[in-house]
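You will see two complexes here that share chain A, one where it goes with chain B and one where it goes with chain C.
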Partner chain A sequence: MQFRLEKRPEPSRLMLYGTPVAAVVLTMFIGAIIFSLIGYDGIGAVREIFFTPLTNAFKWQDLGVKAAPLIIIGVGLSIAYRANVWNIGAEGQYIMGGLAAPWGALASHGAGGWWTLPAMMIAGVAGGAAYAAIPALLRTRLNVNEILTSLMLTYASVQLIYYLVRAPWKDPMGMGFPQTRRFASEALLPNIIPGTIVHAGVPIAIIVALVAWFIMTRSVFGYQMRVVGAAPHAARYGGFSENKTIWLALLVSGGLAGLAGMLEVAGPFQRMVPGFPTNYGFTAIIVAFLGRLNPLGVIFAGIVMAITFVGGEIAQTTIGLSNSATGVFQAMMLFFLLAGDILVRYRVRRVTPQVEARA
Partner chain B sequence: MSLELTIAIIVTVVGASTPILIAALGELVVEKSGVLNLGVEGMMLVGAITGFVVAFTTGNHYLAILLAAAAGVATSMIFGFLTLSLSANQTATGLALTIFGTGFSALAGQGYSARPVTLLGPLFPAELATHPIWRVLFGYSALVYFSLAMVFAVWWFLKKSRAGLILRAVGENDLSAHSIGYSVIGVRYAAVAFGGAMAGIAGACFPLLLTPQWAERMTAGRGWIAVALVVFASWKPFRLLAGAYLFGLVMTMELYAKASGGPLSAIPAELWSAMPYLATVVVLVLISIRRDASTNAPACLGRPFLPSN
Partner chain C sequence: MTLNRRSMLKAGVAAATLPLLGSKAFAQSEPLKVGFMLIGTVNDNGWNFGHAQGAKFMKEQLGDLVAEPTIVENVPEGPDCERVLRELAQSGHKLIFATSFGYGDYVIKVAEQFPDVTFEHATGYQRSANVATYNARFHEGRAVCGTIAGHMSQTGKAGYIGSFPIPEVVMGINAFVLAARKVNPDFTITPVYISTWNDPAKEADAARAMIDQGIDIIAQHTDGPAALQVAEERGIVGGFGQGADMSAFAPNAQLTSIIDHWGPHYVNSAQAVIDGTWETGDRWPGLKEGEVQIGPYGPKVPEDVVAAAEAVKNGQIDGSFNIFTGPINDHTGAEKVPAGVTLTDAELLSMDWYVEGVIPPA
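On to the complex of A and B.
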């Protein structure tokens, strides 16, 4: 008995949306086994990382706060990856959004008003988009690979934070800590549910995903992104400019990453600190894939990824598992998802070996 | 600038360049076979923690390097299985491998931070390197000589050997290579394994050659710089050597600037730290302006191969 792969006439929708679920379930099973084999409490790790954040109602607010930036960045990346534009520097664009926003907040400290937060939001989007414009310019003008440039710029942006909080932006009253002063109250995101940490970024994330879904499925822009990614030749024939698509993909994904950076710095952080880069920009890559590059799927994927983050913190305190176990689980999820991709395009057929003529 | 300082700078540059050179040589062979593995950074981190733990527990540096290479191969096989056997997207799988390596090394390295190991000593007896000039030639550890030997070895393999010819054929035209009867997938598996071994050794350079300890993400993006260098070198081993040393120079320029006390010492430390990454962008721009760079890329780079259709 042998198995053979046979190309499907068209991609299977069942497999397209079934494999992400299967990837999460497989990660729990195989993860429990592997972690047990290497000497950890595997079942406990899976329980704490994947289930406790859901069963413990007190943790739901953390899920929302962690999922919001992942969804916003993940939506942008899913649009870019649809167009075959590999922006993997979202972390850097998130950082630049987080740096552009307080720039105004610090300058206008105490003299702001109702307009402060909207202005910071615009600055955040502009900061992220401007940083993504560098790889866009280099790719469209000089055909420089955007994977490497966007990533290199991420490493550089981390150093920019260190510089700003060490010298020009340093809080003079901060007892020598390298950080900015706490933003004035008008530059802080309002809490939308009293008594919790849920800030305005959470509904914004949902709105961003819904708007993106609408645009991607119902507008010419969305059609252009999908066609250029799926069939570049046909797109050129149909009059869609490849360069324009690259620009749009990078500006949209960079701008959304910048928005997430602004929401984080004005929300949970309330000031700029050296620990601002929290890898949301990298984790959002997994979110985009797990959500099948579909903005609605990204909402669910963002929540799943937030569960593993919150669960990883729980596991650290309850069973003493290192926080980095979360990253291993997240990577496993992506591995299983990528492995399952073949089932979308191919079906496995059982073939009985044919008797050879010579025999 | 004194002779002593010049020599000290050369020795530091060679040290800083070595892991990038080793990792880039591995990636060059992988790409020549038509596969783009963006997981170099992740495989390096797995190699770094393996090398550190083995050196810490056994004190045997050569065993540490060997097992780091083995760990790199094991990690690269995840990539190989997904992209070659299951024809998964190479870009996404490479990214996943880097995320995995970062998480795995941090998990495995838990409890090892701030514990010291000893650096790998010089290969040649100290008497050979007493004079400063001789130190430039004989003052390094075995890893440095290994990296230089591998430049020749990779060049010879690709240009002169039969196996290298097959590997290049697979990278340039996988369908023809397949129809002549070569195993495209088999050759690519071998190339990916070699890339994994080299990345593992490159990772081990960090605790054994540069800073004698373990720190999370201690490779600090050098794996990505190695990937960029392969493009910079237009897939040629000797250009890779020049490129790696150029980067080593950029990375150690801060020391030189501070020591010279000139106007360069006014540049903030953070800008120096950002320099290798900015230099990578500049280098990629320069190389794209030159015409022959992209035309030299293996024709099948990044394309999955499925003989059944």
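On to the complex of A and C.
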């Protein structure tokens, strides 16, 4: 029996939405087998990583807080990737948003008011967008690949944190420790559910995704993004400027990453520390693809990724599974998703060979 | 990491029967569950390995009084650690050790939500009713290493790989160079900060760069043996193990090592929690109490140098020698500590200046 991949005349919608689900299921299945083979409780690992965070109500707050930045960054990336603009440096834009926001918070320390948080939000978006403008400028003016520039700028932004927290922004009461002071209360995100750690960033993430979905499906901007990505020649013929699309894609994805950075620094962190970069910007790339570059899908993908993080920690405390296991599960998920993508555009056909070839 | 299937089941059952807030008191016969939160992995052969050894020692000493310790690895210093702390507290751990500096804010925060759980934060400075801090006087070991460096360095130049310029690290650098300059008054040291506790690639790169600039002794205040491996490979005079004996990675280059022996502290804390006598505070023992130990001397170290190093070690144990007794000048040459005056613990714990002989990083 032989199989052949045959190109579908049109991408399969069933497979388009089926493969992410299949990727998650396959990950659990194969993961359980692998971890059993190397001597762990494989079924227990899958249970703790994928199900305990959902069944234990006390973990929901963690899922929300962990998923929020992934969703916000993932939405921005999904818009950019739709337009075939490969912004890999969301981590850097997230950091710049996280740095732009406290700039205001620290300058106005003790003299803030109701306007502090909105101002920080604007600063965060502006910081992320401005940082993404550098790859946009280089790409549109000098035709420099945005994958390289956006990625490399991430490392520069990390050094900027180290510089700021060691010298100009150092906590005057911190005994020399490299961190900023804790922000004043008006510069901290309010908790929206008393008794939990759920901060205002969680509903903001959902709103961002819904607004982005509406814009992408219902506006000329969304249409431009999609058509430039899917059919660049047709887009040019239709009068959409490629350069303008690149600018928009990078500014939107950078701005949203910056917003996520602001929400993180004003929410869970409450001060800038050298440990601020925690790879949300890179993880969000997986989230964007797992969510099928669709803002609504990104919500679910963000939650799935948050489950693996939270579940990974549960598995460490309850069954002693090593931390690397979380990484293995996340990598498997992306692998199965990308491998499964071939089924969207191709179908598997069984072919009966005309002549039996025998050795 | 050493849980077997049976204790897994037990842990599962225990977790399932726990109320959500974990506020149910355990019956006295129940073994104490102790959790450890580490910033790296237990097989880093340095800092985290030292804590894991301490956890093991605690279990061996206390036997059935404590459950098999739970160790959570690779926990970043940020909101992620808050979640891990809560996870440990909710799953019935009544004593939790957070073993990296950056966990501080979050330990305090989670401890407020779990008043019946005892927390101890290594190398920290923030305390509350159920949060104590503990550390070891590593700088006493640095004084021994610095003495060896002063005797053995040919170029009179050492490199020092640090994580962050926090007092704990600055103190170690200062102790090292003060001791070295008692032997060789021209001795200098160049610190490099790599902004992480554990990144073997960065540690090795920093070591290579400094060796290229003419240093022949390397010391580090990061978690693993990467710098020593470079020292071995490049054939410089040598370096020092930090946190644990690292001679397996650099049999010739490791001149000696500072070994952290956290075990007795973990035994005492666990016993105090079991007995109900635990109290908050700051515990900072050193060579004298055996929490800091000097490992075996390397094959390159001549006998007279061993004798000099032992003298410094024993002086600190019997209290006749303190590396931070003046006269001490700062790196610009201005007198900072007058002759005969010794820096207090409070002054050490907020140390943000370098002594003479340190070439401050830009």
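One rule holds for everything that comes next: the second predicted complex is superposed on the first by the 352 of 359 C-alpha atoms of A that agree within 3 Å, B and C clash if a C-alpha of one lies under 4 Å from a C-alpha of the other, contacts with A are read in each partner's own complex, and residues count from 1 in each chain.
Rule of thumb we're sticking to: a residue touches a chain if its C-beta (ideal position, glycine included) is under 8 Å from a C-beta of that chain, and two chains touch if they have at least 3 such contacts.
For clarity, every value in this text was computed on a predicted model and none was experimentally measured.
Enquirer: After the overlay on chain A, what do you see for chain B versus chain C, clash or fit?
Expert: Here the two partners, once superposed via chain A, clash with each other.
Enquirer: Give one of first, second, both or neither to describe whether A:Tyr162 is in contact with chain B, with chain C, with both, or with none.
Expert: A:Tyr162: touches chain B and chain C.
Enquirer: Scan A:Gly275 for contacts with chain B and chain C and give back first, second, both or neither.
Expert: A:Gly275: touches chain C, not chain B.
Enquirer: Kindly classify A:Ser322 by the partners it touches after superposition: chain B alone (first), chain C alone (second), both, or neither?
Expert: Both partners.
Enquirer: One more residue to check, A:Asp62. First (chain B), second (chain C), both or neither?
Expert: second
Enquirer: Check the residue A:Pro178 against both partner chains and state whether it touches chain B (first), chain C (second), both, or neither.
Expert: In the superposition, A:Pro178 contacts chain C only.
Enquirer: Does the superposition put A:Ile197 against chain B (first), chain C (second), both, or neither?
Expert: Once the two structures are laid over each other on A, A:Ile197 reaches chain C alone.
Enquirer: When the two structures are overlaid on chain A, which partner does A:Val21 contact: first (chain B), second (chain C), both, or neither?
Expert: A:Val21 sits against neither chain B nor chain C.
Enquirer: Which partner does A:Leu210 contact after superposing on A: first (chain B), second (chain C), both, neither?
Expert: The answer is neither, since A:Leu210 touches no partner chain.
Enquirer: Which parts of chain A are touched by chain B and by chain C alike?
Expert: 162, 166, 322, 324
Enquirer: For chain A, which residues count as touching chain B in their complex?
Expert: Touching chain B: residues 4-5, 7, 86, 88, 134, 138, 142-145, 147-149, 151-153, 155-156, 159-160, 162-163, 166-167, 282, 285-286, 289, 322, 324-332, 334-335, 338-339, 341-342 of chain A.
Enquirer: Under the definition above, what is the set of chain C residues touching chain A in their complex?
Expert: Contact set of chain C toward chain A: 1-3, 5, 8, 11-12, 15, 20, 35, 41, 70-80, 82-84, 86-88, 90-91, 93, 101-102, 105, 125, 164-167, 170, 195, 349-352.
Enquirer: Which positions of chain B touch chain A when the two form their complex?
Expert: Residues 38, 78, 81-82, 86-89, 91-93, 95-97, 99-100, 102-104, 106-107, 110, 216, 220-221, 224-225, 227-228, 231, 268, 270-271, 273-274, 277-278, 280-281, 284-285, 288-289, 294, 306, 308-309.
Enquirer: Per the contact definition, I'd like the list of chain A residues that touch chain C in the complex.
Expert: Going by the criterion above, the answer is residues 41, 44, 56-58, 62, 65-66, 162, 166, 175-178, 182, 197, 264, 268-271, 273-276, 278, 309-310, 313-314, 316-320, 322-324.
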